[in-house]
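Just below sit the structures, each encoded as structure tokens.
Look for chain A in each of the two complexes below; its partner is chain B in the first and chain C in the second.
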Partner chain A sequence: MSELRLEHVSKRFGRNLVLDRVNLDIRDGELMVILGPSGCGKSTLLSIVAGIEDLDSGIICLNGQSIGHLPPRNRDMAMVFQNHALYPHMNVYENIAFGLRMHKVSAEEIRTRVNEVAVMLEIEHLLKRKPRQMSGGERQRVAMGRAIARHPQIFLLDEPLSSLDAQLRTQIRTEIKKLHAKLGITMVFVTHDQFEAMTLSDRIAIMDRGRIVQVGTPDEVYHHPMTTFVATFLGNPSMNLISARYDASTCSLHLAHDGGTVLPTKSTPPLPACLIGFRPEHVRLEEQGDLVLDGSVDVLEPTGSDAFALIDCHGLAVKARCSNGELSVGRRIRLAIASEHLHVFDAASGNRV
Partner chain B sequence: MTSYRRMIQILTQVLLFCGVLGVTVLLLFPAIVAFGTSFKPMGEIFTQTPTIFPHEPTLAAYKKIFCMPEFPRFLLNSFIISGLTALIVIIAALLAAYTLTFTRFPGKKFIRQMILMTYMFPAVTLVIPLYFFAHRLDLLDSYQILIFADLSFALPIAVWLMAGYFEKFPLELVKAARVDGCNPLQIIRHIIIPVMKPGITAAGIFSFILAWSEYLFSLTLTLTDESRTISAGMHYCLMGNYRTDYGLLTAASTIIVIPVVILFALLQKFIVGGLTEGSLK
Partner chain C sequence: MQILIDTDSRKRRKAPGLFLLPGALLAPTLIIVFVVLLYPAACTIFFSLTDKTMADTTYSFIGLKNYSNLFSDPKFWMAFQHSIIFTLVAGSLNILLGFGTALLVNRAIPFRGLFRSLLLIPWVMPHIVTGLMFRWLYNDFYGYLNYLLIHAGLIEKPILFLVDRAFVWLAVILPTVWYEYPFVMLMFLAALQSISPDLYRAAKVDGANAFQQFLHITLPCLKQAFLLNGLLQIIFMFKSFNLVWILTQGGPGDRTELLSTLAYRHVFEGFSTGYGSAVATVIFLVLFAVSIVYLASPAIRSEEP
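What follows is the complex of A and B.
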């Protein structure tokens, strides 16, 4: 069993508050992805969990035991770094064995574990090579092997795929998922790539400016974003957000740009100003719907099977996904969105209503 | 067009080669003359038409030097002083450069600049203060004061040299080693020293050569043959008041240069970049 719990973890670099009271529960055997834009503090959070960085305040617990004060060697965690960080003067065997040697594992056991990992990751033929004699994908496998051989309680991965080319990234991503299923180990994976996060994770924790803004399964965070940040950060193209005003007397929303279209709503925003969100794939080219907008196609971006259209609805830019060839630039169309696909956010706080 | 470009390329190469050859000859010329002179019999050194190489080569000057009773002592002193200087420089510069590159503390930039500033004082200006210093501490004519004097020149440059190597050092390796279970000493031993081998070798060779060829301090801060290094020792033994034996002097110079050349030949393969290649990305 290896459960990790972070409570009110904060960290400052000088005057800059990098982590602001972060709370996160990671369950046994779970693959938790921490997703966020560059500079949001996700890698710092991972370094604090590993013990490479000290935390300013807060608690880190592994299986109920506080480990925040322990040096990295006593935390029983292994880490894969963004740039692999293989020791250049050691060959693959020595790289994998190094952590075990430092933990005083017997020579016999080291040999068994290195060979076991080499077979698992198909790197037996590379054992005598130095890092500089290998390709990016091979180095990545070795970095994974170095972590696996340790048999750690928690496996930390800091953007391990970001230095690989697109094809290799897909391949290694699949391998990580298989490996997680096979080993059943608790993994914390940090990335800024939403596609990686959605495809790999059991749950995603989304970070923004040092805070975790939402934790949930990929479906939950995608379909029920709790803030406008999550709504726009996930999805490509991102969610459409339209300004609206809430009329308490009729319990309805009026679009701000023309004031005309009226939407009945059950939720009550705290302030009249709010934002209505909907994803491009939920925009239908139909006459009838809960939210109906008229406009003309401004830009078309074919992606192969689909196309993304930017539609000008009387000064309002709406992104929509359609079939390739379904629309043409300049064509006047009517868009309809069903109410179950509409999200209402408070305009001031950005929180879901 | 292509052949014209090719011609320009060849011409550039030829000019570059001639330039390099010219500089090499210019630098090596005094050494070649000294080497040639060391094999000349006395009468041949001051001929009307000077020659580079001897007509009748002889080993007389070398035999005379090796028979000098002080010679082994000078050689030993030089080895001890240069070796210890290099060792201290390696340890101190490695730690200082690591700190100056990777840690944050107030006044870091100022300290970096001050370290380099110390190198800007000509050695001659330091002779008298160093003499007083040694006299007060009763360190005149000792290994310690010569090592101290050599360190004051070798260390600043070595710190800068090593800091340059550290700038290319991937800090992730230290993080990886910490996660792998290393304590700070194990990180230095297992990761930093092996990866920094080129920087360490360069700093070591530089300091060794600097201390080995140092002449001014050895001349002024030593009183007896007990601590005199070979360069100053040869000066005392060979430079007479009325006459200088240039055959002996050039032979001694050649002998002095040999250990440095051997050391450089043995270690130069380590002073190559690219050792960290492949550790990242």
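What follows is the complex of A and C.
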């Protein structure tokens, strides 16, 4: 049982507010991914949880007990770093054993645990090697092993895949997911890569400028983004956002760029200006739909099975996903989007309506 | 066939030019190394095998006679012993003090940059300035060292630091360390800065306290720096000359006579160039042997990337 709760956690570096009253509940055995662009404070948050950085204000609770004031050694957490941070002068065995030695685990127990981890991660043949004699992927495995051997309550991973090449990244990502299923341990994984976040996580917490803007399952955050930031940060290409005005007399939305296309709405509260969002994969080449746009194909980007098209709709650039070969540059087309795929945001605050 | 002949002739035409540019670029360095290093060194070794004096232009080859005389000369063995003690004491103090100050100014203290610059000042000063400064400091009439000691009630009458046989070694080693330790500090500081901060973060998460981090991260990561500084201090201290000569000229009597001052005395004061050259050659051979042993040691070789 290891639940982690963060309440109103704030951190300043000089005059720079890096974390702004962050609240987050991480459930027992969950793989929580903290996702955000670089500089949003996600790595600082992880360092504060680990105890490497002090928090300015707020509470961190592990299983209901406040741990914010404890030194790292008493928090029972292990961490994997972006550049592995293996001790260069120790061999793999010593690297894995170091944390156990610091916690005064008996020599017998250390030997058992290191061997157990080495078998699990298939690094038995590397135990006598120094970090510089290994490849990036092997080092990553050792770094994971060092954390696992500690049998921590919480496993923290700070962008552990970003220093690996693309192929290895996919492989280690799968291994982390398997490992999580096998160990059933609570993991907090920090990344800026939305693909990693979507594929790995049980839940995602999305951060922007020191605040957590949305927490939810990958499906929730992808299909029901609560802000325009989440809507555009997730998805590649990102969500289309079109400005619209609300007409109270007809209870309908008028697109701002031509004023013509009218979108009847039932539930939308009266807002002077809003943004209508839809994902490229929900754009259909049909005559009929809830939102209909006319335009011509500007750019085509084939990706193999699919193609991304940039369509110019009277000065409005709309991204659409279509099958490869379906469209050609310059062709005039009509786009239709069903109302269940439309997201409406307040233009001023960026919040979902 | 035609093509083959063509390329051949082009190759032949190009060959002399192939070494012209690299040769021209290397020439100034090679000439300087030859003129100021290799030629004088070769001369010294050659003269050590002759009976050359400063007074006479003619000399004859006497084989290893100078060396056999040297090895039966008690003054030589005493200077040798002095040089070894001086190297061990001054070198160790330089490394201890340099390492300590490097640790201090590596920490995030206020005005760190200012402290680093100020601490380097002794090393930037010419030997002659340092030497004269300390002579004034030790002066029995005007020197404030004696003044302070008397006023603190530690002594009753001034100590003649550069004359008193009990204090003269201290008086020579003090300015040597004062001058030399900033260099060691700089070397250690560079090594400390090259340790990834993530290693300390990882060690903290692994449960290491500040002392354990120092013991298990800082010290092992500085192994190379310790080895290198050790070698450099052996070399610098064993051939140390300027400060000792400015302060005591090897005196009083031969109390602070080092191999370097002995060599100088024979060559330029005793005018026995051959004999003095033999002393200088011994210094060279000792340092050469130490360097070889050092660089070939498993500790250095095993850390090569």
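Side notes on the structure shown:
Heads up, the rule we're going with is that the second predicted complex is superposed on the first by the 351 of 353 C-alpha atoms of A that agree within 3 Å, B and C clash if a C-alpha of one lies under 4 Å from a C-alpha of the other, contacts with A are read in each partner's own complex, and residues count from 1 in each chain.
The rule is short, and it goes like this: a contact is a pair of C-beta atoms (placed from the backbone, for glycine too) under 8 Å apart; a residue touches a chain by one contact, two chains touch by 3 or more.
For clarity, every value in this text was computed on a predicted model and none was experimentally measured.
Considered on the superposed chain A, chain B and chain C are sterically incompatible, since they clash.
Using the contact criterion defined above for the overlaid structures, shared-chain residue A:323 touches neither chain B nor chain C, since it reaches no partner.
Judged by the touch definition given at the top, the superposed model places A:134 against chain B, while chain C stays out of reach.
Looking at the shared chain after the overlay, A:112 reaches neither chain B nor chain C. Once the two complexes are laid over each other on the shared chain, residue contacts for A:16 go to neither chain B nor chain C. Look at A:102: by the touch rule set out above, it reaches both chain B and chain C. Touched by chain B in one complex and by chain C in the other are residues 47, 50-52, 71-73, 77-79, 81-83, 85-89, 98-99, 102-103, 132, 146, 150 of chain A. Contact residues of chain A toward chain C in the complex are 47, 50-52, 71-73, 77-79, 81-83, 85-90, 98-99, 102-103, 132, 146, 150, 156. Looking at the complex, you find that chain A touches chain B at residues 47, 50-52, 71-73, 77-79, 81-89, 98-99, 102-103, 130-134, 136, 139, 146, 150, 163. Residues of chain B that touch chain A in their complex: 170, 172-173, 175-183, 186, 190-191, 194-195, 197, 274-281. Touching chain A in their complex are the following residues of chain C: 196, 198-199, 201-209, 212, 216-217, 220-221, 223, 305.
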